[in-house]
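Below is the structure I would like to discuss, written out as C-alpha cells.
We call the chains A, B, C and D, going by the order they appear; numbering starts again at 1 in every chain.
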Amino acid sequence: MIRLECDYTTGAHPKILEALVNTNEEPCPGYGVDLHCERAREMLRELCQAPDAGVHFLVGGTQTNATVITAALRPHQGVLCAETGHINTHETGAIEAAGHKVLALPGTDGKITAQQIHHYCEAHHTDPAWEHMVQPGMVYLSHPTELGTVYTLAELEEIAAVCHRWRLPLFVDGARLAAGLAASDITLPDLARLCDVFYLGGTKAGLLFGEAVVIPNHNLNHDFRYLIKQHGGMLAKGRLLGVQFETFFTGELFLEIGKKEVAQALRLRRAFEEKGWPLFVDSTTNQQFPVLTNGAKCVLEHKYSFEVWAKVDEAHTAVRFCTSWSTTDEDIDALIADIQAL
Amino acid sequence: MIRLECDYTTGAHPKILEALVNTNEEPCPGYGVDLHCERAREMLRELCQAPDAGVHFLVGGTQTNATVITAALRPHQGVLCAETGHINTHETGAIEAAGHKVLALPGTDGKITAQQIHHYCEAHHTDPAWEHMVQPGMVYLSHPTELGTVYTLAELEEIAAVCHRWRLPLFVDGARLAAGLAASDITLPDLARLCDVFYLGGTKAGLLFGEAVVIPNHNLNHDFRYLIKQHGGMLAKGRLLGVQFETFFTGELFLEIGKKEVAQALRLRRAFEEKGWPLFVDSTTNQQFPVLTNGAKCVLEHKYSFEVWAKVDEAHTAVRFCTSWSTTDEDIDALIADIQAL
Amino acid sequence: MIRLECDYTTGAHPKILEALVNTNEEPCPGYGVDLHCERAREMLRELCQAPDAGVHFLVGGTQTNATVITAALRPHQGVLCAETGHINTHETGAIEAAGHKVLALPGTDGKITAQQIHHYCEAHHTDPAWEHMVQPGMVYLSHPTELGTVYTLAELEEIAAVCHRWRLPLFVDGARLAAGLAASDITLPDLARLCDVFYLGGTKAGLLFGEAVVIPNHNLNHDFRYLIKQHGGMLAKGRLLGVQFETFFTGELFLEIGKKEVAQALRLRRAFEEKGWPLFVDSTTNQQFPVLTNGAKCVLEHKYSFEVWAKVDEAHTAVRFCTSWSTTDEDIDALIADIQAL
Amino acid sequence: MIRLECDYTTGAHPKILEALVNTNEEPCPGYGVDLHCERAREMLRELCQAPDAGVHFLVGGTQTNATVITAALRPHQGVLCAETGHINTHETGAIEAAGHKVLALPGTDGKITAQQIHHYCEAHHTDPAWEHMVQPGMVYLSHPTELGTVYTLAELEEIAAVCHRWRLPLFVDGARLAAGLAASDITLPDLARLCDVFYLGGTKAGLLFGEAVVIPNHNLNHDFRYLIKQHGGMLAKGRLLGVQFETFFTGELFLEIGKKEVAQALRLRRAFEEKGWPLFVDSTTNQQFPVLTNGAKCVLEHKYSFEVWAKVDEAHTAVRFCTSWSTTDEDIDALIADIQAL
C-alpha cells in the first residue's frame, strides 16, 4: 500500500530525526527558552527579514489558531474566514470555545477576496443594529488553503490593504506554508511585511510536530507566552521544537521539502489531466483533487490510500492525493503508470 | 408620529402596571422565590398542562437564550438553528461567548425543517472526521420566527420526532409567542409536550420586561437557577417578574394581547395586498413586511415610524411594520387610509 | 413582621414609580438610546464632573461586574479583589465563566490595601514562572464593601496610585454606593477622577432595578455597548432605566435615600452598642452586624426578619440588619424599643 | 554543571528514542487511531486491570487538565483542589479560561483530606445562598503533589468515598505518577478502581512528551475525543504517543524509571538529613526540598543547577533538587560528596 491520504502519515525527515537524536542527552531549560529555540527564532527572523518580530514555537495547528485568535480579539469580535477555513470546519469549535464567532464568507476554491472583507465590514458598521452583531475583528486566511489553492502576492497585498483600512489584524494559517512558498509568488518577507501574524507549519512538512508563529505586530506579541501556556501549547521539553526548527531552517530545508512535495504532486496532476480526469479544485500545491470514476477509484484503492473528498455524482467521486516529505519518486512513478494503464 | 417600528416602544399594559403599583410596598424575599413568582409558576404549569415542568422568569431574551443553551450543551456541541435565527444574528455572539458554535442552516422565511436537521446529524455522524467537527447538540427554533412566520403543529411534531431520534433537546424561542399562539395551531400544552424547553416572552407582549421559561425536561431543569445567576438573569427584586407574569396569565391576558396585535397586523396586511404591494415574507403575525416603492416609503415615513428591512432593488424597499399591545385601532385606521390614498 | 433582612425587599421609591407611570405610554426607541437615558447620562456626567465619561445603564450587579471585567481584561489576566468580594463569593462564578480568574486577597472587614496590591504585582512580575501564572490585570473594590465598611478618600487615592503604577484599571463596585456616599468622604467626582470605571447602584437604593456605570477611561469605554448586549444587559425597553435614573439624579434623590438608610442604620448601631452587644464588623453604612445571644436572636426573630451572618460560638450569632428606602422611622423605633426591653 | 532543577531537562530515555527511530518511516493514520496507540491503550488497560476504561494520549499536562475538567463539569461547577494544586497556580488560568472556578482548599504539604472535601460540600449545600455560589463539581488531586508528597491508599480510599457520597468525579493528576507508584502503596489498579479519571505522565519520566489518561467512568469518557481535539491535544502524528507509551509500558519501563528517580532522590534526602539540613517538605519522591544556608546554596550553585523554592529567612532558602530518567548515580555521588564536604 502506497499511502497518499495525507501529509502526516510518517515520522520526521531524516535530518530532523538525526538532530533530535544528537541533542537528546543535552540538558536544556524547559518551556522554549533554551538555546536551540533562541537560535531557531533568530534564523526565522532573518528568513523573514523581520528582525523585531516575535517568534514562538507551538505544537499543533488547532492550538496555534486558538491561541493567536484569542490574543487578537476582544470578546465582542469575531474572525472573518472562508467557509472552508480550517477554524470553521475541523477544529471542533475551538474558536467558539474560546468565546469568538467565526464569521464565514463564501469562498472560491477556499479563498476569499479583499472585496468580500471590505463589504462585510462596511455592512457591519453601517447597520443600525451594529452593536447587536459580532464585530469583525480580524481576518484569517489559509495559504495554501484547505483545498490546495494559493493566494497571489497581488491578492495578499489587496487583502492586507483592506485589513489596514478597517484596522483588522491579518492572520495567515500556514500549516502547509512550506508547499505554499514553493507554489506561489509570496515569500516569507512578504508575509512578515503584510501580516500581523502568520505561521510556518512543520507537522505537514517533515517535522514530528511543530508550528512556527511569526508576529510582526508588537501589540499582538505582547504577553503572547502567557496565552501559549494557557492554551496548553507551552511544551515542557521546548528544546524539541527548537532543535527541529533549527534543522528545518538550516539551508532552507523547509523549502526543499516543500518544493519536492509540490513537484511530485504536479507530476500527478499532469497524469490526471493527460488521462482527461477533471480536477475538483485547481490546486497547485501538494494536495491534488481528481474526480475519478467509481471504477478507477475501485482499482486504485487496492494499491494506494487516498482520501474521499466529495461525491460528485452517482458515477464519480472527488478524491485527494497528498504528497509528503516521505513520498518517493518511485511511489509517484508507480501511481502514474497505473493511471495510464487504466 | 405613529410608531410601528417595533413591539417594545411603550411601557407596560395598564393591567401590568397597575399590578406593579398595587404590590409596590409589599415586602418580598428576593431572587424569584416570593409568592408572586410561585403563583405565576403554578399558573403557567396549568396553562401548559405540565404539572412537573420547571418554570423560571428571566429578564430578557439574549440572556435567556444564552442561559438555556449553556445549560443544555456539552462543550463540544453546537446549536442548530436557521441562518436568520436571533442567536445567529442579533445577540453579539452571546452563544459563542459561552463557548458554543451556532450551526446555521439555510432557512425558508426563517424556518427550518425536520429533514434538514436529520440530514445534518446524519452527515455529522457518518463523516470520518466527525470528532474534528462541532457536534450538533440541540435545536433552536423561533416561533414566531424573526420574520413573523410560524410553524404548524405538524411541522413541530416532525421536528420533535427527529430531535428525539438524534437525542437533541428541542428549544423554542418564544420571544413573540403570545402572537404565535394567536396565529398558529400550536398551543402551550403542545409546546410543553414537544419541547425540552421553551419560553413565552413578555417584553414584546405588554410587560415592562420578562421571559417565562418552561422546562419540561427534568435533566435540563436540574440546577438551572445556578445558571440563571451566573448569566446575570436572577433579578434581585424577582417579585417584579412574579407580579407581571401573574397578571399576564390571569384570564389569559397574554393571549388577548397576542390576538389583538395579530388582528391589527392582518388588517394592515390586507391593505397592502389590496394595494397590490408585494409582501417580502408571508407573515401571519404581528410583524408585516410589505415591499414599498421609494415614493410610498417617503410619504409614509412622515407620519409613521417603521423599520427598513432590506433593499429590494433601486426602486423598492422591504420594510417592517410591527403592532404591539399599545397600538390602537385608530393608528391602524389612519395608516390604512393613508395607504389607500397613495 | 418588620423586614430588615436586605435592601431589596420592596419595590420602588414613590418618586421612581410615579415617573414610570407617567411615562408609560410615551413611545421611545429601544436599547438605551432614548431621551430619558440621554438626559440621565448627562445628569450623571455633571454629578461626576466628568463631561467626557461613558455612562451606561445595566439591569443588575452580577451582569455589570461580568461586563466591566470582561471589557477590561485580556484572556491571561485576572482581577484582584478581597476574598469577601461579591465577584469571588456570590456570583456563581460569572467572572470565571467569562474566562478570568478572581485573584482573591485576604481582606480586613472586606477591604484591601494599596500595599497588598503592590506586593501581589511585584511578586508576580519577579517570579521566574510569571508566564505560568494568571497576570493581575485590574483591581476590583466594593464601596461600601459586602460588610458595610467604606474606604476613605486617602485609601482610595493610595490604591489608585498603585493601580496607576502597575497600569491596572481600577473598578469600584458601587451596588450600595448611595449609602457609601452618605457614609464616607469619597464623592462622585472623586470616583470619576480616581477610577477607570465604577457604578452607582439603583436596586439597593430604591429603584426597581438598575446600575449606572461610569467609565472615565476612554479605552475601556470603546465598544462597551457591544459587551452589554453580549452579556444580556441591554434592556429592550431601555427607557425604564432612563426614566428611573433621571428621577434618581433629580435633586440628588439617590443621596437623600442613601443618607436616610445610613441614619436609620446608625440609630440601630447605637442601640446595639448601648446594649453592650458586640459588632461583628465596624460598619458605618446601611448594613449592621451585631452579635446576638441566641436568646436575643430568638426573641427578635418573632417580629423582625434579619439575616444570619455567621455563627460566632455556641451561644452567639452574628446577624445582619439592613435598612432600605422603605424602612420607616417607626420600624427602627420599634426595634430599638424591643432591644432595650430585652 | 550537573542539572537537577527539574525532571524535563533532557530528551527521551534511550529505549523511547530507539522506538521512535525504528518506527519513523512506518506509515500510520493520524490522530491516535493507529496500531501503536491501540496497542499502548490495551497495555495500559491491562496494567490497570480495567478492561473497559477509556484511554487517551495527550501531549502535555495543562492541556490534559483543562480537557478532563471541562469534560466533567457543568458550567456552574468548580473543581476542588489544594491551594498548591498545579491547576490553581501554574497553568495561567487555563481552567478559568475554560469557564470554571478553581475552589482552592488550604493543603498540608500539598495534600487535602476527605474531611475538607466533605465540609466544603456540606457547607455549600446548606448555605441559603447556594445557588449564588459555584457548586463543587469534582475533586482534583495531584499524586505525587507539586511538593513531592504522596497520598496513602487509605487516604485515597477515604477521599473516593466522600466523592462518591457527594457524586463528585475524582480526578488524579499523575504528571509524576511514575515516581508516585514507586513511592506509595497506591497501584494503577487502585487508581482505576477509585478514580473517575487519572493520568500517568510521560514527560517527567523519560518520554519526549505525553500524558496517558485513563477514564474508568464511562459517562466521562463519552465523546472525550471531541474535547481533546477542541483543546488542541489531538496530535496529527498521534503514532508518536503510541510508540512512546508502548515502550513505556513494555516491561513496566515507567516503573523502572520511577523507582530509579526516587531511589536517587532518597539518597540525596539522607545526605541532607545527615548533614542536619531541615527539609522544607517531607517528600518521599523525586523532588527534594532541603533548606540551605545562603553559604551552602552559594557554594553548590557553582556546580549544580537547582530551583529556588522559597525564602525561609534572611539566612536560609528552601530549594528543590529533582532527579530524572537521565540523572546518573555519579551525579548523585558527586553532590553527596560536596554536601558532606561543606
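Simple rule for what comes next: a residue touches a chain if its C-beta (ideal position, glycine included) is under 8 Å from a C-beta of that chain, and two chains touch if they have at least 3 such contacts.
Remember, predicted model here, so these are calculated numbers, not experimental data.
**Student:** Check every other chain and keep only those touching both chain A and chain D; list them.
**Tutor:** Shared contacts of chain A and chain D: B, C.
**Student:** More contacting C-beta pairs: B-C or A-C?
**Tutor:** B-C is joined by more C-beta pairs in contact.
**Student:** Counting in whole Å, what is the centre-to-centre distance of chain A and chain B, each centre being its mean C-alpha position?
**Tutor:** Centre-to-centre distance between chain A and chain B: 42 Å.
**Student:** Measuring from the mean C-alpha position of chain A to the mean C-alpha position of chain C, what distance in angstrom results?
**Tutor:** 49
**Student:** How many angstrom between the C-alpha centroids of chain C and chain B?
**Tutor:** Chain centres of chain B and chain C, defined by C-alpha means, are spaced 33 Å apart.
**Student:** Listing for chain D: what residues touch at least two other chains?
**Tutor:** Those would be 75-76, 91-93, 97-99, 131-132, 226-227, 229-230, 234.
**Student:** Which positions of chain A touch chain D when the two form their complex?
**Tutor:** Touch list, chain A to chain D: 1, 3, 5-6, 8-12, 17, 20-21, 23-30, 59-64, 66, 91-94, 97-98, 203-204, 208-209, 226-227, 229-237, 239-240, 326.
**Student:** Contact residues on chain A for chain B in the complex?
**Tutor:** 75-76, 78, 89-93, 96-102, 129, 131-134
**Student:** What residues of chain A sit close enough to touch chain C in their complex?
**Tutor:** Touch residues, chain A against chain C: 31, 70-71, 74-76, 98-99, 131-132, 135, 223, 225-227, 229-230, 234.
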